[in-house]
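Per-chain numbering from 1; labels A, B, C, D, E and F assigned in written order.
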Amino acid sequence: MPSVKPIEYAEASPAVRAVYDDIMATRKIDWINNFWKVLAHDPATLKRTWESLKQIMAPGALDPLTKELLYLAVSVNNGCQYCTASHTAAARKAGMSDAMLGELMAVVGMANETNRFSDGYRIEIDAAFEPNFR
Amino acid sequence: MPSVKPIEYAEASPAVRAVYDDIMATRKIDWINNFWKVLAHDPATLKRTWESLKQIMAPGALDPLTKELLYLAVSVNNGCQYCTASHTAAARKAGMSDAMLGELMAVVGMANETNRFSDGYRIEIDAAFEPNFR
Amino acid sequence: MPSVKPIEYAEASPAVRAVYDDIMATRKIDWINNFWKVLAHDPATLKRTWESLKQIMAPGALDPLTKELLYLAVSVNNGCQYCTASHTAAARKAGMSDAMLGELMAVVGMANETNRFSDGYRIEIDAAFEPNFR
Amino acid sequence: MPSVKPIEYAEASPAVRAVYDDIMATRKIDWINNFWKVLAHDPATLKRTWESLKQIMAPGALDPLTKELLYLAVSVNNGCQYCTASHTAAARKAGMSDAMLGELMAVVGMANETNRFSDGYRIEIDAAFEPNFR
Amino acid sequence: MPSVKPIEYAEASPAVRAVYDDIMATRKIDWINNFWKVLAHDPATLKRTWESLKQIMAPGALDPLTKELLYLAVSVNNGCQYCTASHTAAARKAGMSDAMLGELMAVVGMANETNRFSDGYRIEIDAAFEPNFR
Amino acid sequence: MPSVKPIEYAEASPAVRAVYDDIMATRKIDWINNFWKVLAHDPATLKRTWESLKQIMAPGALDPLTKELLYLAVSVNNGCQYCTASHTAAARKAGMSDAMLGELMAVVGMANETNRFSDGYRIEIDAAFEPNFR
């Protein structure tokens, strides 16, 4: 059970509804997921988070699918269940196939394994990996 | 200082040299980075890790640059300094521009922020995010 | 389902009951939450943990509400569901309002975002941030 | 060495300088720390991050010192060295005494210990900890 | 609900069945747990993960029980619910008593507490802890 | 540089000296490592932490070497540099060979890989892994 009551559209303030409307329009959907309905409890955070997310996930030097894959990888890494479920759905919608999910998981698993080797053996950074702008 | 002495090519056993040779041939480089020189201390882990990494990072449903970006995102998320340095270099070699790095960091940061919101408010997973194969 | 059976008051040893009694007396409540009933399985850990907790959460240079907020922030950060639920309840009891919870979550989320930026870009510590006691 | 070159005021674009100026004016200081000089590399992230931070850390239901303590606690929890150094300095500036730091660390340490107990024993959430808004 | 459908033995490909057969023969059991049935979706990862696990968990310089305790400690530390449940069962099968579990949890909790102290106070590594092979 | 000045024996209060003396007597050494010299800044935490550590790391159902291996595994997992360095030294002193370290690292790496698979695919806990005390 969430710590605060999700706020439905019908009971939302005009400021919250404006964000809900923009989420639905931007995503071309007709419902709001629990994440936003809980954040609505703090309208400033709701607005700031949605606007940041919208800007960050828009196409740029990286395409939207790549961004969704990165988002999912971090969510898996953090063991966040809601985020893993919602961003698996989002990544599939953006074009992630089962094979891509399998490869994403393999990279995430492998990185976690080698990260522990690097930290555990206290491996020194090779000079060749340092940028040379100094 | 690493916990065990890195093993240089000149002092390596034939089994270790065979892995070193394959790393240099696969990556078309003429040196071995510290990660492998420390793992060489345990030849079975060296061989298994290199062969897994070679298989996982090869082109597949995801292209090599996307895989490097995912690897870097996880390394950043784990706060692993060696891995962040080495995979920033690897990602740049695979084609990551400064703008791509900036967007990767923005996604990683944002995902960490919203992951905490989801866990902190104990948000329930929406039914729409569940797969329907049951 | 927990890994070991929670130990109810009626079936507890005198040593465990003594800790349970002190928890109820200190907190002015008439029940014991699952955390302690599971730890009771290892009486030395039960006693040590309760005594440490009692000492640490008592008023000091920081007031009890601030301590509860810190405890909750760490629990959220670790994605610990039991701890997030129990310390949200404890923080509310100590005086946390909905607005305080919203601000706590905003700080926790923001800190996670900027922590990843710092680690990801491998930012150097400014000399001005170092203490000058040397 | 950071992954991208910090951008000094003299070489910054007008958009970056505007953020730098606002940071210095808001904080009543005459220098910019490395965090912002590295983020300046991606002006949209620099602006968004600074504006979010300024809003989040302003006085609200929680006072600025409490917010700094929470920020530091999360940074310690993530093992982020830059953030721990910079937010220790920020918290001291906001009024954190040595005794407060000692108690903050005691709470952070204790929360990490009990979080592992809760996750490790898979302790069930007590009904009494659930909110009753349903 | 898992993100991909677990693959039962009856519907598995010969390559997947070969791994399932080896798991059951090695472990002297007649069923396959969900972990492998989900990984079966990506046969290369299934095979690589099982073969790595079989090699790593075999008796060596460390006995199988010690290895299971280490595996459980890491799973607890990551807050991974599936892994904590399955490796608690595996460790019990390998000989872990309730008292051993209690001591494992005490060490894991203590290590998390002191890890935060070390990172939080930015404690410098004593020269005596460095190996002297240089 | 640490956040607070380490307290040397010569300048320590009698209460702090008593803990230092007990550490040196228990460990049969004639020096104090930085961890305790920094904690000495908060004598209650110094005393509580040392006494907890002494109790937890004493021989019990698990032998001291196994406890040191668990402590090191958690420290590696948290990416804590001080703890990894100091507990690698402590584990070697307790009898950890290079081969044991190699196997510990392999288990820690593998557990991190499979933990991410379990969380990432949202794998359901098999009924057979649940204890049957209900």
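We adopt the following convention: contacts are C-beta pairs under 8 Å (C-beta built on N, C-alpha and C of every residue); 3 or more make two chains touch, one makes a residue touch a chain.
Everything numeric here is computed off the predicted structure, so don't read it as measured data.
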When chain D meets its copy chain E, do both sides use mostly the same residue numbers (more than half shared) or mostly different ones?
-> same
Between 0 and 180 degrees, and as a multiple of 5, what angle does the rotation take that fits chain C onto chain F by Cα atoms?
-> 180
Would you mind pulling out the distance in Å between where the CA atoms of chain A average out and where those of chain F do?
-> 34
Averaging C-alpha coordinates per chain, one finds the centres of chain A and chain C separated by a number of Å equal to 27
Taking each chain's centre as the mean position of its Cα atoms, how many Å separate chain C from chain D?
-> 20
Two or more partner chains touched - positions in chain A | 1-4, 49, 52, 77-81, 84-85, 88, 99, 102-103, 105-106, 108-110, 112-115, 117, 119-122, 130
Viewed as a graph of touching chains, is the assembly arranged as a line, ring, star, complete set, or other?
-> complete
Using the touch rule from the top, collect the residues of chain B that touch chain F in their complex.
-> 3-4, 41-42, 45, 49, 78-80
Which bits of chain B are touching chain E when the two form their complex?
-> 1-5, 44, 48, 52, 55, 130-131, 133-134
What residues on chain E touch chain C, complex-wise?
-> 79, 84-85, 88, 98-99, 101-103, 105-106, 109
Flag every residue of chain D that touches chain E in the complex, lowest number first.
-> 76-77, 79, 81, 84-85, 88, 105, 108-110, 112-117, 119-122
Would you tell me which residues of chain D are touching chain C in their complex?
-> 1-4, 31, 33-35, 38-39, 45, 49, 52-53, 56-57, 60-62, 66-67, 69-71, 73-75, 77-78, 80-83, 85-89, 97, 99-100, 102-104, 106-108, 110-115, 117-126, 128-130
